[in-house]
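Alright, structures below, take your time with them.
Two complexes follow with chain A in common, the first pairing it with chain B and the second with chain C.
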Partner chain A sequence: MAMKQGFIAGLAALVASAVMYAGPSGGTISGKVTYEGTPAKQKPIDMSKEASCAKQHATPLTTETVVTGPNNALENVVVYISAGAPDDPAPPSQPAKFDQKGCQYIPHVLALQVNQTLEIANDDQTSHNIHPLPKTNREWNKSQPPGTPPFSEKYDKPEFIPVKCNIHPWMHGNFAVLKNSHYAVTQGEGGFTLPNLPPGKYTISAWHESYGDQSQEVTISGSETKTVNFVFKAKPY
Partner chain B sequence: MGKLFAVILALVALASAYPIVTHMYVQPVDISTHGHAIDEQLSDTMAESGFAFLGAQLLLAFFVWRFSNRKNGSKVKHLPGGAKLMVATAFILVGTEVLALGVLGQKAWADVYFTAPKQDALQIQSQAGQFAFYFRYPGVDGKFAPLHPDKIDEGNGNYFGLDLANDVEARDDVVTAELAIPVNREIQLLMHAKDVNHSFYVRELRIQQDFVPGLDLSVHFTATKTGKYEIVCTQLCGLGHYNMKAYLNVLSQEDFDKWLKEKASEQ
Partner chain C sequence: MLTTKLAKFCLSIAAVLTIPAFSNAQQMESHIGNLNGHSDAGKQLYFRYCWGCHGFRGDGDGENGPYLNILPRNFVAATFKCRSTPTGNLPTDEDLYNSLVRGLNNSNMPSWIALSSQQRADLVAFIKTFSPRWKNEKASDTIAVPAETPVTVESIKHGQELFQKLECWKCHGQEGRGDGPSAATLTDSNDQPIRPYNFTAGSRFKCGATNQDLYKIFMTGLDGTPMPSFADVIKPNDAWDLVHFLRTLQVAHNSPELTLWKSTKEGAEQVASKTVHGTPTGSGIK
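On to the complex of A and B.
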């Protein structure tokens, strides 16, 4: 019996090492983003001036400046390598998609790369205007009536850009324009994984629209997985 | 031919007066205490300008009828006094009309603008910005906290620019997208514009007042009927002007208290 268990364990170890060998080379940084303290209360949004949007939400949508998950998880945090990783030679060919549906931006935080195509769609029966407010990139403000096809834009410098719609002042989102492909945006559980990192010393940063930026230094050697956690201080006001 | 033209002229004038005289266009319901004065003024204006219009058109038709088909070479007769008398008569007639409208209309105007609201009027602040109206109620402390334009953060629901972190007074202020008011209670609406000129227009309230950036204006009114009415911006304020609206919800005092409590809990 003990022999059999040992055999199975050995086999499992062999399979595991084979999988690791066959997998992408490089190390991984993973971790979780949480908050401590009391985050600001999110307010319900009254969309009654736009009936076609209001009826899409059975319960009113709330503001999304701080979105939390179970166990103090913090969502919509962009975790990225701010220094140490080489810039990608070319942006990904897939466009980054930003949708307007029910007078809400989906996703609330869109991470994309410098010069990657940004594709913006209007799925609503009303006109929107998309007005990102960059400080270093070129500013534009485009109107998109219902039924018009998606349009494309690009940003050529890394920047975190707030986005608003003047016609529906409650609509608020963010573009995170990043230098390389090593990034993740936290969701429900607040976890992130940045795989395929060649050995080296990195600065890993986490950005949240209300709580700002945090950074940590991480050194990766071989194909190890390092855990890095971020904790943001939340304030009720 | 001249006589036919005269008849057509008279008929067109009478036909255009018909819908006005028979009240084919029904006024929207009046839900304010001062609205009847405005309606009376509008109807006086309509009657006065209507008589002037009809009189002028029928006189024109009469002249066309009377003096058409004149033979070549017949002598033209002038009214005594020449052009001077005509100009003076027109000046006096039009002047009297304009002056009379002003004198008769001052009551409707003064009721709204030159009378102070009562001491117990409920103060509500309105912020107009491209392209929505927002409203603020002072909360349990009865005070409006100061505004800090740099704190305006629409994504966070801070449409007025309240400094919640530092102003304790701001924390009970109730900010809404709907203007709910109690029926039969005087309301003083404090008007604040965030960016450009806007206008507050509720036809059932018979109120139309501009928002002017930098000027803190106010209007006061008392609504007499419960119901939901549309508030629209009537000053072209930019791309989204057509979509700048909100709702006025006139509630019983009891429903209003309930509504305000519910909105306060959402802040």
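On to the complex of A and C.
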């Protein structure tokens, strides 16, 4: 049984590498993520219990459950290929970095790949505990006092994982652990570009921590660029 | 002709009968010292003693679950508080066995000391059938607990500094009463409110009563709760100093650490301020 599984895995790796070697050029999917309606008003965070963090923010930080840009742009949306692209046989060698600064997670949403090194740093003058809450991956919880070097972790299954710090209850973040390298996290203008897609039929998905996920089917032929836009319905609460 | 048909029919019947039997035969063993537990035997015990809380599927969704303050463990997720392994790893068979012997203080999990040791070993084996993690993950190394350093006033004082520096007080409170600034906001991984341990109240620790157990609690962290692991940030000697200081917070327990601490002027004042006089009903208050 194990041998058979090994054989299938080997075959899958071969097929995957064959597809990968189709070349770096290919089609591109680009587009914009927006919202319609009225998003929830973000509340200012009271950091008075942690003076070393409070003084880093001239104006109080607000919650980040919905972050918007100009022209209804929606930030912090993970756009990724959920089906059609082969799983990456090996994760990228450079680590995905997650920082704690001013009692805030930077970035708020960190996209990384399965088995990619996740490097977590504490730039604050206070202790944090990093407590991701996965459902299918392993759950761990580590203390990181000020001045300790960054530590590394990995996730071996794809999952969207909320992250919190129990000591500072306002700190919330997310890890998006994805199966392949075709992903983007939207910023200010809400735009995204997924380049180097070999011809084929893809399911492209967009995930937002408050508004859930949605998917569209896209077929890429040659080196064309297709436009795909996502519109999330904003909830006022 | 008829015989081949009959043979085919028999074969198909055999196939139907064997397939479910095969897929159900998830066998597990446990090894605790000389004890070897078997999941088949544990299954009978589980469906007599455990499933009322831990559920038919082992997911902690038993009939009694909703009435319990700390929800029953979900064996499918296999996140366990009391371990000797680093955070994020499965416990050892012995860890699970010890939890059965001890019960979990401040929760509804009783001690199963009334069962035989063989029965407890069998239960440990059966609990491991609920999550594929027991098959798929390699057993991790346990956290080494080096020989305890001598209990001295310097050690206790250094432990007190660490309690400040590592910000244990953010949850456990400056006096160890479990009333630190973050205490009120804490939730466990089931989104249920959870209280940090109150050292002064007199209850035992959740994961064992010895100094070695206490050492392990903050080194491994209690997975599924806000209590993180400090394994990467505390050196062994410092960890023992912290253990010695934490003992002095337990003013209701007569430990060697507390006796020594009370013999110093500073310690005596601290302990006196923490000792509870009288009872909640008011009797015995001077």
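The rule we apply is simple: the second predicted complex is superposed on the first by the 213 of 237 C-alpha atoms of A that agree within 3 Å, B and C clash if a C-alpha of one lies under 4 Å from a C-alpha of the other, contacts with A are read in each partner's own complex, and residues count from 1 in each chain.
As a convention for this text, contacts are C-beta pairs under 8 Å (C-beta built on N, C-alpha and C of every residue); 3 or more make two chains touch, one makes a residue touch a chain.
On a predicted model such as this, the values are computed, not experimentally measured, just so you know.
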Combined model on chain A: chain C and chain B, fit or clash: clash
First (chain B), second (chain C), both or neither touched by A:Arg138: second
Which of chain B and chain C A:Thr148 touches, first, second, both or neither: second
Partner chain in contact with A:Ser127 - chain B first, chain C second, else both or neither: both
Chain B versus chain C as contact partner of A:Lys157, first or second or both or neither: neither
Which of chain B and chain C A:Lys49 touches, first, second, both or neither: both
First (chain B), second (chain C), both or neither touched by A:His172: first
Segment of chain B intruding into chain C (one of 114-122, 204-212, 240-248 or 258-266): 240-248
Residues of chain A at both interfaces, chain B in one complex, chain C in the other: 49, 126-127, 129, 143, 166-169
Touching residues on chain B, where the partner in the complex is chain A: 129-132, 153-157, 159, 164-165, 171, 176-178, 238-240, 243-247, 266-267
Residues of chain A that touch chain B when the two form their complex: 40-41, 43-46, 48-50, 63-65, 126-127, 129, 143, 162, 164, 166-170, 172, 209-210, 235, 237
Chain A to chain C touching residues, read off their complex: 49, 126-127, 129-131, 133, 135, 138-145, 148, 151, 153, 166-169
In the complex with chain A, residue positions of chain C that touch it: 77, 79, 86-89, 133, 165-167, 170-171, 181-182, 185-186, 189, 221, 223-230, 232-233
